[in-house]
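Please find one structure pasted underneath; my questions will follow.
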Amino acid sequence: MSNARITLVNPNSLVKVTEAIARATAPFQGLPLEFRFLTSAGGPAGIQTQAEADASIAPMAQLFRQEAAATDAFIVACFSDPGLHGLRDLVAVPVLGIGECSVLTAMSMATRIGVIAIASAAVARHLRYFRAMGVADRICGELALDMKVSDLADPERAFERMTAVGRTLRDDHGADVLIMGCAGMADLRDRLEEACGLPVVEPTQAAVAMAAGRLFSRA
Amino acid sequence: MSNARITLVNPNSLVKVTEAIARATAPFQGLPLEFRFLTSAGGPAGIQTQAEADASIAPMAQLFRQEAAATDAFIVACFSDPGLHGLRDLVAVPVLGIGECSVLTAMSMATRIGVIAIASAAVARHLRYFRAMGVADRICGELALDMKVSDLADPERAFERMTAVGRTLRDDHGADVLIMGCAGMADLRDRLEEACGLPVVEPTQAAVAMAAGRLFSRA
Amino acid sequence: MSNARITLVNPNSLVKVTEAIARATAPFQGLPLEFRFLTSAGGPAGIQTQAEADASIAPMAQLFRQEAAATDAFIVACFSDPGLHGLRDLVAVPVLGIGECSVLTAMSMATRIGVIAIASAAVARHLRYFRAMGVADRICGELALDMKVSDLADPERAFERMTAVGRTLRDDHGADVLIMGCAGMADLRDRLEEACGLPVVEPTQAAVAMAAGRLFSRA
Amino acid sequence: MSNARITLVNPNSLVKVTEAIARATAPFQGLPLEFRFLTSAGGPAGIQTQAEADASIAPMAQLFRQEAAATDAFIVACFSDPGLHGLRDLVAVPVLGIGECSVLTAMSMATRIGVIAIASAAVARHLRYFRAMGVADRICGELALDMKVSDLADPERAFERMTAVGRTLRDDHGADVLIMGCAGMADLRDRLEEACGLPVVEPTQAAVAMAAGRLFSRA
Amino acid sequence: MSNARITLVNPNSLVKVTEAIARATAPFQGLPLEFRFLTSAGGPAGIQTQAEADASIAPMAQLFRQEAAATDAFIVACFSDPGLHGLRDLVAVPVLGIGECSVLTAMSMATRIGVIAIASAAVARHLRYFRAMGVADRICGELALDMKVSDLADPERAFERMTAVGRTLRDDHGADVLIMGCAGMADLRDRLEEACGLPVVEPTQAAVAMAAGRLFSRA
Amino acid sequence: MSNARITLVNPNSLVKVTEAIARATAPFQGLPLEFRFLTSAGGPAGIQTQAEADASIAPMAQLFRQEAAATDAFIVACFSDPGLHGLRDLVAVPVLGIGECSVLTAMSMATRIGVIAIASAAVARHLRYFRAMGVADRICGELALDMKVSDLADPERAFERMTAVGRTLRDDHGADVLIMGCAGMADLRDRLEEACGLPVVEPTQAAVAMAAGRLFSRA
């Protein structure tokens, strides 16, 4: 079995986020997989609004065209999956989105899915997306951390707030599985699971798992 | 009442389509409205695939930013409403989409909506959009003309095929109102209504009507 | 363009409500529209229960038949749209309902719609109606003012309570647009928008806008 | 156990239909039930359109008020259940609708429900009703007999057509249970079951069964 | 009219529960019905988890095969209706489930259904079931008593807790009808109705009512 | 990375089916996975009806308890996923179902999913399951091969029929991805893809891919 090549594209221009995405793939080391992590230099500095999500598509499309020959699957590494369906039109290899894959993975684990968003600006956009996917009935709630950026940078504060939100989703909304609605926070997954007593889906890992599975099943 | 300014943006680069869009607004002449019709020169030459729809967003976003001060409302004049929600993030004035407005208008006319698409490549994209809008249950069917471009250019052939598709939506899918799933075919609306015996919603007119109504109600 | 005639029918017998409905159309003065405001003298004194909504239909049907020749469009001016579909069977001109039009208008403005009802007795009836319309997924919450009639008569108290309910819909239910679930409160719209920081749809204005748009587009 | 009194109201003015409704209750003879069959003399001569359904409500409301003291439960004996929810506001005893009861009964028998309508004018109205009820997903299809009234009067022709429609619902729409979407055709139920090889729900019997069950369970 | 025989099967092995189920049928005494109450000796000692619900099916299937000749209808007397659809494959007579029948009965009484569960472990399972039934939109909330078993045994404590949960469903979730999501608590129904001011559906009685109605209508 | 152990359980007692399931995992050879293939000797000889699906649960539950210590994940290898949620209650390791995984995988590939069932008896059961999963809107059609068993045994006849059904799902129902609604037909996947011009999801492979991905992501 030759190595299957998976290219993860961070649609925003922050290399730090790309690095966090790369770290999320650590558990997959040792498998016949070859990862590439690309930062979409032309993308916005962050994706909070729908406008920013949309603005990230054109630069990504260019990247996809350039890199298509060098990969066996692409992963759009932003929870809003900007441009997912259109990017599938552009390249022949599978294109997966970390938002879609995290929801599908959570659906195989439990009945009621709670989503932890970074910013409340994302919640309506995600809702439209869950509806477009036809899975809105499975989402029992989505709540945002709504922290100041300065506080988000402090991992302990972020973790505390994330735990509080996760517990509210569990206790008030009935969630029996949680999704981290953002790329780049894989480091906190295990602790969050423990703190909330629920399985937690980390989107990048969910997408790598589904991409790898699909490539392997074609081997 | 001073004139309300409505800017219609054709997301593709074909001036001919923009001209057809302009013709669709003829019935609104005489009202205190001032229309501008812009062709998004940086957009794709046509919008059939999701990739083309997505590719049209970035150039439109630029146009919107440039023209925002000169208009009281924007209309995205493509049935797929590319970038609609994101464009709303960019400008303070109302942004309407001809796809959304045509569905909402049809919903005020009858119970079961049939949609006539130009190309079958659009049907899955529209379906995702109707679901995101939360109105998929109201769409009783969408069928594509699926004509060769050369035949589409012949208005009589296009009309014949459109009539055939409209009647199938009426007889086999139960449609009691039809939507023309495309900009630029307003010329055929009255004849199509007569040929099918059903009300027909023309998307550009539906959007102009809703935009004008919204502007007037703020007067 | 000759004037388009729009007849608004207040299904209850209170002339005061009809007058408030008339005031809601003030922004449309100056357009080639001619309004008539009818009070359904045979209707109930108010519409709170489903029985009252139903009781208002027969007298309205008579009015519609009598007035059909004198109008180009009818508007049923009660948020529950009593008899809407049946009235469409009776006359050839368009019949719009302020409930339906306000929901459709709100759908073109934002993703999650909060509805402010006057009385809690209306909430289940509205819910059945939103479901019949196929849009229940877009309504994130409906809450009632539940004020004593004497307090409702005091505009300041009504406004305060409406503001409180609107903010709850925004903060606890995620509403990003509000609908005033009642005719006759147009005077408070602008203040409510400001107090809640959200767009507010006033049903009579939404219906006039859609009716006017539809008539103009046939001009 | 004293007799429970059930009053069936035919919302249209045709005594012949009331008589057919009465015949549908034959299987319940021998139970501690007392039936009354009322014809709503002020109702329309038949209910095909929504306008006719609505026109039947006001006269029925009067009947209900007059007869409330003399009955333990009412049944609205028209498949469209005109005024059902409002009539519940008017009287303290249970009010059941033969449309609602037939759907609920069919739901307890099989997964996919096919509905046989008399006239195609009813199909959109029923669809709105199934959606309001929240059960539209259970209806796999509704098809109309669409016979001339003169042919409907011939029971053999009606039966033949009904059988053809029932088989289409079974074979093309996947129905595994059928509902006769009309009052007054109970005589044909057993034959239709045999001809289609599917269970058939007769609405009046379904409503009487549910009404009786509810009254007995309070005994 | 000869007696119709209805066999109620308690899928768990607790004779005490079977006895409570039997008591629930008291109001139906005096009708031409003959009841049998069977305890599925091979079933689990109680049904809280999905695993326990599933484990109850095989022993019930055996019982059903043995008893089919001696009954005119079966009732699965556990709110989760374990094996309902499969048991219908095994015997020719009607098989009803108390969960399904209680929901269908509540749907004929009011718009928004609140469900009182015994244990929170059941809520996700019920949700899957309501979705499979296609009625999830009618359930406005389900809350669990979550009492210690020792406290459940004390009827007064159980009633107090049930009342508190019922009122929360009414006030915070908008319930206008309640279902007791469990067999064997019929004794408390009347008091619960009074304490909550809402109609309360007791599942065993709902199922007996529907079974009896169905058998009578075939008489 | 030590080998992850995946146990696939064939709920029916046919060793031939287990062998075909084993063959489906061939593409995953070479990965750090260790497969075990168990035949549930106490299960039914095949699973066509809901009763047979249910009858397979109890013997599987025993197998799961016995084998839990020897595996890192279980896969229920029947498209109806009998007992899936209950089996999750019994063991601490992940339990995946090939039905659920095939739907979730197809959802990551295209918008409208067509399902090819073996026997029409399964279609209503699958429909209930898709609804319970909350994904019924994504299934554009399910059609059965409905072949005689003798013909099914002939792979060429089976393939021909499968191709015909797949093309009908594509052309008449709009499917853009197909699922083979059965275990044990992996051998035909590639040919079916080619014959229909659509991606085809083979359920066992979809489940192994998701199970492997989940185990790897925890490595």
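General observations
Per-chain residue numbering starts at 1, and chain names A, B, C, D, E and F are given in the order in which the chains are listed.
Everything below uses one rule, namely that a contact is a pair of C-beta atoms (placed from the backbone, for glycine too) under 8 Å apart; a residue touches a chain by one contact, two chains touch by 3 or more.
Listed by chain with UniProt protein names: A, B, C, D, E, F = Hydantoin racemase.
Since the model is a prediction, treat every value here as computed from it, not as a measurement.
Taking the options E-F, B-D or A-E in turn, the interface that duplicates C-D in more than half of its contact pairs by residue number is E-F. Remark: among chain pairs C-E and B-C, B-C carries the greater number of C-beta contacts. A separation of 42 Å divides the Cα centre of chain B from that of chain F. Inter-chain spacing, taken between the CA centroids of chain A and chain B, is 33 Å. As a whole-number value, the distance joining the C-alpha centres of chain A and chain D reads 51 Å. Counting partner chains per residue, chain E shows two or more touched chains at residues 85, 111, 128, 131, 133-134, 137.
Within the complex formed with chain C, the residues of chain E that make contact are 110-112, 137, 174, 176.
If you check the complex, the residues on chain E that touch chain D are 1, 27-32, 85, 94, 96, 100-101, 104-105, 107-109, 111, 133-135, 137-138, 202, 205-206, 208-210, 212-214, 216-219. Across the complex, chain A is touched by residues 49-55, 57-58, 61, 83, 85-90, 125, 128-129, 131-134 of chain B. Every residue of chain A that touches chain C in the complex is listed here, in rising order: 123-124, 127-128, 131, 136.
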